[in-house]
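Below is the structure I would like to discuss, written out as structure tokens.
The chains carry the letters A, B, C and D, assigned in the order they are written, with residues numbered from 1 in each.
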Amino acid sequence: MSILVGRETRLVVQGITGREGGFHAAASRAYGTNLVAGVTPGKGGQTALDGAVPVFDTVTDAVRETGANTSLIFVPAAGAPDAVMEAADAGIATIFCITEGIPALDMIAAVEVVRAHGARLIGPNCPGATSPGRAKVGIIPGDIHREGRVGMVSRSGTLTYEAVQAMTDAGLGQSTCVGIGGDPIIGTTFLDVLQLFAADDETDAIVLIGEIGGASEEAAAAWAGEHLRDVPKVAFIAGRTAPEGKRMGHAGAIISGGAGTAASKVEALEAAGFRVAGSPTELPGLLRDAGYRG
Amino acid sequence: MSILVGRETRLVVQGITGREGGFHAAASRAYGTNLVAGVTPGKGGQTALDGAVPVFDTVTDAVRETGANTSLIFVPAAGAPDAVMEAADAGIATIFCITEGIPALDMIAAVEVVRAHGARLIGPNCPGATSPGRAKVGIIPGDIHREGRVGMVSRSGTLTYEAVQAMTDAGLGQSTCVGIGGDPIIGTTFLDVLQLFAADDETDAIVLIGEIGGASEEAAAAWAGEHLRDVPKVAFIAGRTAPEGKRMGHAGAIISGGAGTAASKVEALEAAGFRVAGSPTELPGLLRDAGYRG
Amino acid sequence: MKLHEADAKSLLLAQGLPVPAWEVAHTAAEVRSAAERFLAAGPVGGKVVIKAQVLIGGRGKAGGVKLAGSPDEAEVIASQILGMDIKGMTVRKVLVGPAADIVKEYYLSAVLDRAERKILLMGSAEGGVEIETVAEEHPEAIVRRHADPLLGLLPFQARELAFAMGLGAHLKAAVAIAQGLVTTMRHYDADLVEINPLAIILESEPGGTPVERLVCLDAKITLDDSALGRHPGLEDLRDPDEEAPEDKEAREAGLTFIKLDGTIGCMVNGAGLAMTTMDLVKRAGGEPANFLDIGGGARADKVAHAMRLILADPKVNAILVNIFGGITRGDEVARGLIEARAQQTRDVPMVVRIVGTNAAEAAVLLEEARFQTASSLDDAAAKAVAASRSEGTPA
Amino acid sequence: MKLHEADAKSLLLAQGLPVPAWEVAHTAAEVRSAAERFLAAGPVGGKVVIKAQVLIGGRGKAGGVKLAGSPDEAEVIASQILGMDIKGMTVRKVLVGPAADIVKEYYLSAVLDRAERKILLMGSAEGGVEIETVAEEHPEAIVRRHADPLLGLLPFQARELAFAMGLGAHLKAAVAIAQGLVTTMRHYDADLVEINPLAIILESEPGGTPVERLVCLDAKITLDDSALGRHPGLEDLRDPDEEAPEDKEAREAGLTFIKLDGTIGCMVNGAGLAMTTMDLVKRAGGEPANFLDIGGGARADKVAHAMRLILADPKVNAILVNIFGGITRGDEVARGLIEARAQQTRDVPMVVRIVGTNAAEAAVLLEEARFQTASSLDDAAAKAVAASRSEGTPA
């Protein structure tokens, strides 16, 4: 088993008739993901991807007609929190929200509704997840992956790809690669993903890609130090040289008053047994140093 | 065991320093209920009932200091829904709200919050519950009861007393008597209470006191017809002669368009095996006719 | 508290919902001048509609809704409708507006769902008829969706409702209206907000091109009486005809009083027990003259007030007082009865039953004052009916 | 987006929170006349306070907050503060108001709690100092309470917070302020609403009796940039000094640009990768001249725009372009670079790395145009640093 996405994934894409939605729905499907439906209010009854995928007006309709269990959301920011709640209410178990630029307070309510429904949200402002050779849900380029047993989690987009590529180039395949998103309020944290990897019998090593700001790397490290003692694990933190008080694009990447600095994160990770790389390209070597033989 | 209140009850009275709160707190205590605390914001550190009961600023404080598990609320309507949510948030398991005149939509949110906390709300606008000989939480006069094995549930106030008195006069004691309240939005319904009685090994017979309006008697009857087939059970419905379209005091007691009439309720109850009395005084006799030998 | 259509429409409009123009008129002359204005604007169908404003259903069937093609005709029709009696209610005002060119009618309402403890939205493509009729004849034609108990009607819930009602072609308007119903309900603490019909109508754009629009053609709102205190302005919308003067007096005194047609006055504490008392009076062969709940904890003066209300009805020839003391103290009630009898101008036989809190003290007072008493409720009802019969109908 | 104290106070006032009077002044003369008005009203302490309005902490220590007892003194002080440099920010305006007679200071703020995904209220009886200092030295002195994620800060939550902060004697005001902070946060989509100090001050009633009142003496609000689109009026409150002109130009072009002090211009897609690129430049011995994220899916014209921004900095003597195509197409970026070079007036060595989507097409274009390329990020950083060194600092 992989985590979050896999052969059991039955995917519905919300916003499938939009430019990005259509493009990435096609790419996910081309990768082999079981794409069963699309949703665009008002386009129910039509099809997408040249007739291959039925489009519904509501997620409830899509779930009822196709048994979708996973959703991928490309709805614009103004409607994205509603799309997330719609998916949770329709019984979708795993919801990926790619949309960026969603006001943080809108996500507080959406995350709470998802939690009340017992569903899981990944994102928003995330690139999705890929379980190489099984399924890809999101916008991570499919060809950078290689099948294997390293679990990777990151809150960046392209930096994730960089790290995945480095692993693949070094011959280290991945069980699942998850981008959790860089926004202040996200559905699934580093800690949540580490817990999933810990319970996954196909994941033998961990790569964590963090960045400055917030305290989620520290929280994950604290848990890993206790529960993942014997798992080979490496990390990379972006923003070591970022000046204090400046916001570097991601809402998450702002440092103020010493909390959330690269130094504090590196320290926490090393204390928990992570080897911390100075460049993404060093990750594979450090993982082998940590005893990973995959 | 009785239901809802009993020897395990550790009661906190919210609004204990008010006139009604103080009066009924004293009466509940005099009955033998384990009254452990009172709450009035701003009066924390004082005592109530002549020094017998410590008063706290918040329910959280009361729970922490006294282990209260049941709350009785006499807070005025404007603050009562907040008091209910406070109790649920503080970890109170069973919340009785006596307050009347609470706007219905306020209760929708409060009931949802209670549900989310896994707590139980009885009322609002209810007289509370008594488990004769064990505990009394609310405003039902204590001396009308008699210990026994009949479970009684009603959505009226004084009509409940009338029915309880009739039972006691006839020598039929009660396991627990519950007034669920007459408002449109209440925390615990007839159906909920019947389910509790069904699971209670000290309740052998059921008395249900309904009135016109709504459909909660019908819902309870449908369940009882299936699950309480062999339990002796009787009912009384008030408002058989009430004119259509007039609101008879209780917000709950309004008939329109044929739904919620006394006739529909009597029919549903009889179909479920209830014997329906023409007067509260007939309840004991009918219960004996139904085979109850308590 | 029920609102008139025109007032309900004002509240909907204030919440941003689409409601076609209207005016309220109290005289035929006002109707004529309103009709002139609306007809001058050239409505699509060339007519105005005149609708009786009464707080009761079925005014259409009763002839309370009519079309007029000219100011003259409007005036004539208005003079027929104004003053008309519809199920016991006198028409004192009418609503005048352009007659809509209806393409299709729908039904949409927001109500309290007591079983689920949520706001329930009910919609149907079978509009223009009573929802109870649809519920009986085509239950499958009714679409139901609950609003989120904490967040209200979310956009996706409104969309689901709109699609299920077949309003996909008017999605944006349908979503706004459905959310607007819940917003209206929450903003004004309404029990019920009903649009029947919600209609697609044909309007002409400035250039003359016909265009379809989804609008609220009729509106019914019932407010939660318990919440009126925090909406003081809404009290002004109360129709004085909705309640009898004595009902109003009672309400202002903190009593709940509803006048009925019988001869036996009833004074009870608690609504359920009051209804039960009426039921038992009827069962014993009598006819209750009123429903009267003095509420919990009533003092002597309130009891005396209640007695004056009962005696104001000339048909009353016997009185049954039934008090089960809990919060209410029996001796207070007894004192109120004694005080009231001292003031009353007309002698009516009275049967008093007081049990519960301070019943013993009450019994002493009642005996001293030589009231007829009863122990059980059945006994009290029988005695009151007997007293009423022996008195006969007063002149 | 950070707001000045005066603007933050305006938003709090609009939400009904108690904020003592103030005026904003841009010149010493304006300060003098404001001081005259406030002193004429006879404030309890007989003084006015003059506070530098800068978007950075520590202005008090820097001498940006002073008291004055007369209009003359106010004018002198204002002329000292206006134009003052505080941590690199020039003071262009000041806030003037009556100096409060402070009985006790508290701290209260509403912030986003990322871990819990809720609004977190933090309060402390240790007001007037930086909360970070309190957190380090007396962590037990900080009270925390989460608002309900769907309902906001409920009254009981606000009461718990107030009691825990020791504000039981000012319960009603403390509850209103705590709830008001959350209301303000939700109403304007703020990330942070901070009152430091929240203070009990002594005021004199009309009769002259001194009375205690809980008020917001200072206010800091940070708005969520992602939500500014739905609060168009708030954009006017942006301090033009908060961002450099090139940062603003970039923002308006949909780019994220932050000017730094180094010599190597960076153009990257994605914030995390952009920071990583900077880190690797530094690790290779260079100094990045900027942070620049062209975002996802950037087209050729956006890339050209980004290049102009980089080259506008005369210190830039080498450029590193690092693109990992996902949504972004490598060939689009390559075309943008070629277009930009055709327009540029100054020749700067450039190292380009493009991988991911359409990287092969990009490679062909870049080779034709004779760009220096790199395969790995480390390689690209090393080449850029080498290029920068060989160029030296331009004149």
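In this section, contacts are C-beta pairs under 8 Å (C-beta built on N, C-alpha and C of every residue); 3 or more make two chains touch, one makes a residue touch a chain.
The structure presented is a predicted model; accordingly, all values stated were derived computationally and were not measured.
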Quiz prompt | Of B-D and B-C, pair with higher C-beta contact tally | solution = B-C
Practice problem: Find the chain most remote from chain A, comparing centres computed as mean CA coordinates. | Solution: C
Quiz item: With chain centres defined as C-alpha means, what is the inter-centre distance between chain A and chain B in Å?
Solution: 49
Self-check item: Rounded Å distance, chain A centre to chain D centre (Cα mean)
Solution: 28
Quiz item: Using the average of all C-alpha atoms in each chain as its centre, how far is it in Å between chain B and chain D?
Solution: 55
Exercise. Could you check chain C for residues that touch two or more other chains and list them?
Key: 150-151
Quiz item: Where in chain A do residues touch two or more other chains at once?
Solution: 109, 113
Quiz item: Line, ring, star, complete or other: which describes how these chains touch one another?
Solution: other
Practice problem: Within their complex, state which residues of chain B touch chain D. | Solution: 41-42, 44, 57-61, 79, 82-83, 85-86, 89, 109, 113
Quiz item: Once bound in the complex, which stretches of chain D touch chain C?
Solution: 150-151
Quiz item: Tell me, which parts of chain C touch chain B in their complex?
Solution: 112, 114-115, 117-119, 130, 132, 149-150, 185-186, 189, 191, 224-227, 230, 256, 258, 260, 268-276, 278-280, 282-283, 288, 291, 293, 296-297, 324-327, 355-357, 376-378
Practice problem: Would you mind writing out the residues of chain A in touch with chain D in their complex? | Solution: 20, 77-78, 100-109, 111-113, 127, 139-141, 144, 154-162, 165, 182, 184-186, 189, 209, 211-212, 214-216, 219, 236, 238-243, 246-253, 257-259, 278-281
Exercise. Flag every residue of chain C that touches chain A in the complex, lowest number first.
Key: 148, 151, 154-157, 159-160, 163, 168, 171
